[in-house]
């Protein structure tokens, strides 16, 4: 099975770490990742997302030729999900969508911990449109930019850990990591926080596998 | 005030009739219309809509240079509304969005009469995401294609009239004309049906005027 | 075009400042304002609102004779909207309703900053019943009475400014001014806060214009 | 315990039959009924309802002096419920509200069978605003006017019976009688239809008793 | 009329205090209470609730033989409500369900003050599934266990009082006591807090009476 | 990976055909199926479902000892899902839940074709509580009992085919097979109907695999 991650932003390092996290989550699959070289360096808010859509659409013919069995939109905003799904030759899932479905399948009310406040309305809108408004306890902005998260380090881990703990005190039964760049931090965060974590990059790899040929 | 209609499809005749209907509805405004020459000839279903988005996005720099005060997406599916809004220099409204808001402002539960069944899920999804699920009595497909509607004629009027009457018997207090191509047919339809009609092309001209500088 | 504001409360000064704000927002229209001399001096909570309805209803025959093209209910609670709409000879809009629709048309998640806690459930109920529950981030009471707001002054501006800033940190993309008496304060508030403001008195003037003859 | 039914319409015979049905349902209570002599002869649609509100409000001082323990709004539209509740000295319930709560307490998805199509949007709006949109299978208009229902007779019973049967085939687990005038017909209808019936006049008598001093 | 409270947990003292509170609320009824000897000592979270269901189901044949006119599930989580309702010979109500309906009938937006955080998702899920999501301001965990609440005392009253006051400042118009063990504390709490309280044990006694033979 | 299907009903033949369908859908997994010998022969309506829960709960210790990695509740009603999930040692999914999530992940508005009308309210309630009310076009009862479906044959295929076609004309983009007993009929139905089908038995096998260790 061939799963192809399409990274809407132009930061190749994020594509690489996403592929590594996905491969670890779905060892049975052949995981590839392509970077949208025409996209912004990070997707922060609706305008960045919109700017990234044409570049994603332009990848579709090649994705078909490549023989992808499923496509994963590798940004937590599920950038262009409707547009890509309507034109793709195979099933498409977003990493945000994957994370919410996984939490819901597990019966958990969840919070999202994300990067900047500008992303909160986009994420809220997605959660509402998928039908999970009542499952969502809160969407919390950490104040960290996507590229700060991508860089990682102890201050970043501490900041995200605080938000995860706060979400737990609000009643979240799990916390969704609200940025593709948090995937590599999952185990370090899990070691220091009491709330189960859901990483959309991994969830998408597993759910995309489930969607193929159902 | 300069309102610019962006027709996502490539049928120039629809752009022209849309501009005429809008000008009649908002005589105080200067109405222009641009056709997406890279779009499909008609938007029928999600795939057509997605294919039209990059062409719409590509018009934005010129729209800014043109000095548009507001943009209207001239397709009842509100093609690319989120993407265009996030990148535009001025307010943006879709003709579907405009029609639902107008009916809601008037306190009416409405039905939509549209073209082919493939458009129904797109329209339903929009209505839900705008918060009007409970205001909507039904979304009815007439079975007529966009280009058949555009061509008009007595058989088309009769077919649409039947659906409008049916919507009234279901409890609709107004009927939204669910295709840009129905705008020129509004007065003929109104003369033969007992339910108030809402045309999104006209509603958008008036509501876009309201949005400018609020 | 003749727009008639009906102030449900008996405070004539509020009617006057409302008319001025509306006229500035819709210079093409002829704006008038009538005061409900049988109403309470301010509408604070559901009981005040209910007490004001018969006085509003009693104005309708004269409003028809006056030749109003649209009526605006000049209280943020949209006092008696359903009752007035069902009996009026022309379209009716409330200033709360207008503000929520305007924010929604602009694609913004909004918060409301209002006067006393007693008004919060009324406002929440209206937002829910119009379908905007998911668009609303919060409804915040400033603790100021309607007449304190009407009196204005630097302490009032400071208090409202604090609430607007708080709403922004909660993720509101715009803040709705939740009292007719805040209309004259809009520009002073806008000068000192980072979040776009929506004033229902102005929004109603523009949207009522849009509703006439659609 | 003293329960006072306020009939929003001016048809005294309906008040009397309502009191009889309520007394049978709550033999422990002292049931009275007052007729809104300033109301329309029947409440059919939103405009009739609005016209009845001031007359209802005018009864409140006398209702307090009378020592009512609870007020029941004796029209299935719950005419003026919010306004009356906000000004009354005691709990207030509407017969529509009572019927929906009773069906929901019994865990049943329900349909409503009412009089004319003009009442359907009012009823739908109430059901939505109380939170029971998902409990409601359908709201069916029989085409009979309120006064035809009040007159009764075999043709009326047959017409209502057909609608009840249809509601059952749509999946309704109970059928709410959607007009105060149907209360006296309940046992005849129940004898000839397979679906459990809920009468709001009786439900309100029992639920109003429950609300007193809780 | 014979109302039978089924306590899902095995703590006989809670059954006894529940029966006393119910009897005071419904002096016309004959109230009994049975303890689920196979249940956990307290229901704290979903797992405890699930473990209690078979013991509740096993009581049903005896409840029928006993001639109960209605059953009340005596745990605020409405433990096994769907299962018990589907198999019982008579109407069934849960004390949580009763409390939410009572607040809604009274037109109040409510908050719930409960015991431990583990109960919050269960309560939220119930409120959502009954249709009261928009009526609910917040569900607040006091941090007290069920058995601490049952033991009572001034520290417990103070802790609960603080949460009630906080709920009021959030805009709650009434506070639902979110544990059967709070029923005996109602009058002490009411004496020291400014927000009306709703006790599900009492509400269930009154609403169950209303449900019998409607 | 060891997936264990728990059949809430006592019909061993259904367990066997379910295991076969699941094994075909997830060849990488070791699939087992256990029959609830204490359950009713078929689950038709809420009462049958409730009666089956204790038997399911009683299987949990053995399921843990067996080393199941995930449990699947093998009835389309998701019998006892909340109860089993709260007590299980591993993730739990229902075949109804799996089917709705699969359709939603694929971006499809779906209809359900099920057996008898008595099952419709149970299915509707589940869809609502999972958040998919707006994704669901209709729930259609075929009038066939579970055991008639299980027996299969050309008349059964024809009857189900008619309902599938009808769902398509209503706007369903996929049809969910609303009974575990339809799993073996999937390919025959798919060959004769134009709408994509979703089988919950297969979907659960794939989604349960995705849930393990996420």
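The first chain written gets the first letter, and so on, giving A, B, C, D, E and F; residue counts start at 1 in each chain.
The rule we apply is simple: a contact is a pair of C-beta atoms (placed from the backbone, for glycine too) under 8 Å apart; a residue touches a chain by one contact, two chains touch by 3 or more.
These figures come from a predicted structure and were not determined experimentally.
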Components of the interchain contact network lacking subunit D: one piece
Reference subunit B; chain at largest CA-centroid distance: E
B-F against A-B, pair bridged by the larger set of C-beta contacts: A-B
Chain centre separation (subunit A, subunit D; CA means) in Å: 51
Between subunit E and subunit C, distance of the C-alpha-averaged centres to the nearest whole Å: 40
Cα-centroid distance, subunit B relative to subunit C, in whole angstrom: 29
Shared-contact residues (touching 2 or more other chains) in subunit B: 82, 85, 128, 133-134
Contact pairs between chains, per stated definition: A-B, A-C, A-E, A-F, B-C, B-D, B-F, C-D, C-E, D-E, D-F, E-F
In the complex, subunit F residues that touch subunit D: 117, 120-121, 124, 128, 133, 139, 141
Touching residues on subunit E, where the partner in the complex is subunit F: 45-47, 49-51, 53-54, 57, 80, 82-87, 125, 128-129
Of subunit C, residues touching subunit A in the complex: 109, 134, 169, 171, 173
Residue ranges of subunit E touching subunit D (in the complex, touch as defined): 25, 28, 81-82, 85, 91-93, 97, 101-102, 104-107, 130-135, 198, 202-203, 206-207, 209-211, 214
